[in-house]
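Lettered A, B and C in written order, each chain numbered from 1.
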Amino acid sequence: MPLLEVRDLCKDFGGLRAVSNFQLKMEQGEIVGLIGPNGAGKTTVFNLITGLIPPTSGSIIFQGENLVGLPPYRIAAKGIARTFQNIRLFKDMSVLDNVRAILHVHNGYGFWDAALHSPRFAKKEEEILARARELLEVVNLETRSRDPARSLPYGDQRRLEIARALALRPKLLLLDEPAAGMNPREVASLTELIRFIKDKFQLTVLLIEHQMGLVMNLCERIVVMDFGEIIAEGTPHEVSNNPVVLEAYLGKGAVVNRC
Amino acid sequence: MERLLEQIINGLQLGFVYALIALGYTMVYGIIKLINFAHGDVFMIGAFIGYFAYTFWGFSLWGAVLIAMILCAVLGVLIERIAYRPLRYAPRIAALISALGVSLFLEYFCSLKFVFGPNFRVVQPPVKQIHWNLGGIPITNIQIIIVAVVILLLLVLQYLVYRTKIGTAMRAVSFDHDAARLMGINVDFIIAFTFALGSALAAAGGVLYTLAYPQIHPFMGIMPGLKAFTAAVLGGIGIIPGAVLGSLIMGQVETLTAAYLTSQMRDAIAFLILIIVLLVRPSGILGRGGPEKV
Amino acid sequence: MERYFCTLLRRRERVRLALLGGLLASLYGALKLLSLAGLINEYWQRVLDQALITTIGALGLSIIYGFAGQFSLGHAAFYGIGAYTAGIIGKVWSQGSITFFLLALLAGTLAASFIAFLLGIPILRLRSDYLGIATLGFGVIVRVALENSNRFYPPLGGATGMTGIPQVANFDWIFWFTVGTLILVCNLIASSYGRAWLSIREDEMAADTLGINTTRYKITAFVLGCGLAGLAGGLYAYRYPYLHPSSFDFLKSFDFLLIVVLGGLGSISGTVVTAICWVFLLEGLRIILGQAFVDWRGVIYAVILIVTVLLRPQGLFSGKEWRLLFPSRDQDGTWGKEGKHASLRG
């Protein structure tokens, strides 16, 4: 059984078809890249999978269960976490609390435990703290845990978003342009990080990215979208030699220039 | 039937007065996203100036309207300069608290004995009320004056906002301060101008109000201000026709409740309707709150 | 290492609790002594009690607006619901016993919470200013209902106000209820609840997408905050002999709002300090100005408000807290050493 299976997904905004007949099957442990020109509907696919907007038609099957119609927080709790294209951290909270806030989803305690700081509360909080440290160490932010998230440099904010997503213990991680605005050095370190967390936490990763270096390097399979439709699919090699893709990106008659 | 018509016309009169106040709220909100709580008090000061002008200073009604509009425009600009502009880049709530402070200041300052004094004053309007019956519709000359003046001001405003350069600049600033500034628009001036315009309209509303409801006091601005703001929200805040539509609805609701149900409950019913409308249309009747962009 | 760390934390926590307890007990003792020595007269005692009651209500709004970010302009309505509910119980049964007083307080708190729950489910979907104006509208509705309450049940008094509630609440009760509220609120803020509330304030959509049941947490914050307003109202009813609808209208809501904002959004310490200072300032002005200038009180109040917000737009405490109020485990941040992935530092 595939981990995620998206069938015939469509989304209309007014008269505009933003996503049309989108199909995707992801097996456990895969890294799939979702690429395409700006406005192709990639982020809309993420929003549909995470339940932020309801699809016009189609189904999203995650571990054998249809997610369509569930509220976002329920979908998240089932094991789908995401990051955002335009970083959406909890800016005035500390780095540590950004991660801890999400850890509670699986490590909760009741209202009265919280109100009275019961022994159960203390035990859970210790677990949460230890886990949060572990995640911050993974993204190398452990020394900044007390700083407000807004004070981090841009690249660190992107990594904190990844740590926060990992706090959800996801099976599927959706990364929306994780390398946007990073310099080549940072991209290289991010590539390593994604590979590392994929192995460490046994993740399946779907990522949107414009930095072809990162996509070609990481992804086993790439899906290309344009005008809401899938126009090509295959290994990085296949995709980068596909004339339809080149046309979508560069216009007719463009020359291939691989990464 | 006669009675219903009379009430609807009374509601229209009230609604049009609310509309003048609501426009100031909605324009200021549209341009700096501030609920200007002091606006109701500008309306009150407008009413007082009008009253002084036609009672003691020998102005005609039109002179009184004009002088109230001018003085309140100056007051509006002053308020913006002193209490809101320094907070333009602070959290939005800070300006709101400042607005509350200005509102309280105006109310208490005007209550001082050497200003307007804390008591009710009964106004002798410069126009004698005459009842007419136009083809079965009972109407007074004051109602005609109010409706005509408000419609005239609305037309002027419509022209100003949609047909002139400064109106275009106002709309640009309400979309995006920074982009407007980059296009060479003097944002500070446009904001001050918006306050002047809104305050002048509220002042006109205040003077007209004294004709229809001839009793004034320093706290008279609170409830009409609140109702007018509610009307602006009802219609969709930031949208000029929305403010007028909301005010007309508010006027009808209030007069009809007072006439047919109970006058004590009219405030409650008005706000109940607001809450229900917001639940169905969270950004007001004419508002277009698109989904948040991810 | 980890184990040692935990014991260390527990020890620090014990020290903190001891210090906090000692401080509160000595504060209570000092105030009692001053009162017994006659240095706090009846008038100032009433002001002090009012300040503490206001603190309880303001802590409620602090949760709703300061932490969960839900703009409420109708907080005083719940204060009023609590006061009238607790008050009418005391008045009708005319019982002065402590048990009865506590039951009435509970009833006031629950009534405010319950109505907040019913109201919160539909209106907490609204955002920022729209929510503010809807709660403001609810406040007006409650005031009108209270003004006409004698039509449904004469003892409520309607627009003439309500009297005849046994005056059972004294400084001791009010002080310890304030302390209890403060501890409850601090505990919640330093827990998953506090973090979930803050995450909603910061970015509701991100919180929702990352598994936080935002609706549930918003309603929890609203119900709890309004419940505290109800508790404050109950104490008010049993402390001051006269309840009137105008004590619970939107001007009172604005009082709570400006306390929370001037204290600094998201700061419990700021809320407490500002609430107490604000009440004392209002009464202090009465004394300082004297009979001749008492009309100026409102003007000066307004000027102080404007000047304060112009000077400190972020609030007095701007999100900072007294360390003593919160568990020490929240204050350790650096636990040293490079992470496993240190080589990847960009």
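In the analysis below, a residue touches a chain if its C-beta (ideal position, glycine included) is under 8 Å from a C-beta of that chain, and two chains touch if they have at least 3 such contacts.
Everything quoted here is computed from the prediction, not taken from an experiment.
Note: the chain lying farthest from subunit A is B, by mean C-alpha position. Here the chain at the heart of the structure, going by C-alpha means, is C. Separating the CA-averaged centres of subunit A and subunit B is a span of 48 Å.
Annotation: 33 Å between the Cα-based centres of subunit B and subunit C. As a whole-number value, the distance joining the C-alpha centres of subunit A and subunit C reads 39 Å. Looking at subunit C, one finds that residues 205 touch two or more other chains. The residues of subunit A that reach two or more other chains are 52, 84, listed in rising order.
Contact of a single residue of subunit B with at least two other chains is seen at positions 294.
Across the complex, subunit C is touched by residues 29, 33, 35, 83, 86-87, 90-91, 93-94, 97-98, 100-105, 107-109, 111-113, 118, 226, 229-230, 233, 237, 264-265, 267-268, 271-272, 274-275, 278-279, 282-283, 292, 294 of subunit B. On subunit C, the positions that touch subunit A within their shared complex are 2, 6, 184, 187-188, 190-193, 195-196, 198-199, 202-203, 205-214, 220, 266, 319, 327, 329, 331, 333-335, 339-342, 344-346. Against subunit C, the residues of subunit A that register as touching in their complex are 50-52, 71-73, 76-77, 81-82, 84, 88-94, 96-97, 100-102, 104-105, 108-109, 111, 113-117, 121, 125-126, 129-130, 133, 136-140, 142-143, 145-146, 155, 164-165, 167-168, 182, 185-186, 189-190, 192-193, 196.
Across the interface of their complex, subunit B is touched by residues 122-123, 125-127, 129-130, 132-134, 136-138, 140-141, 144-145, 147-148, 205, 250, 254, 257-258, 261-262, 265, 295-299, 301-303, 305-306, 309-310, 313-314 of subunit C.
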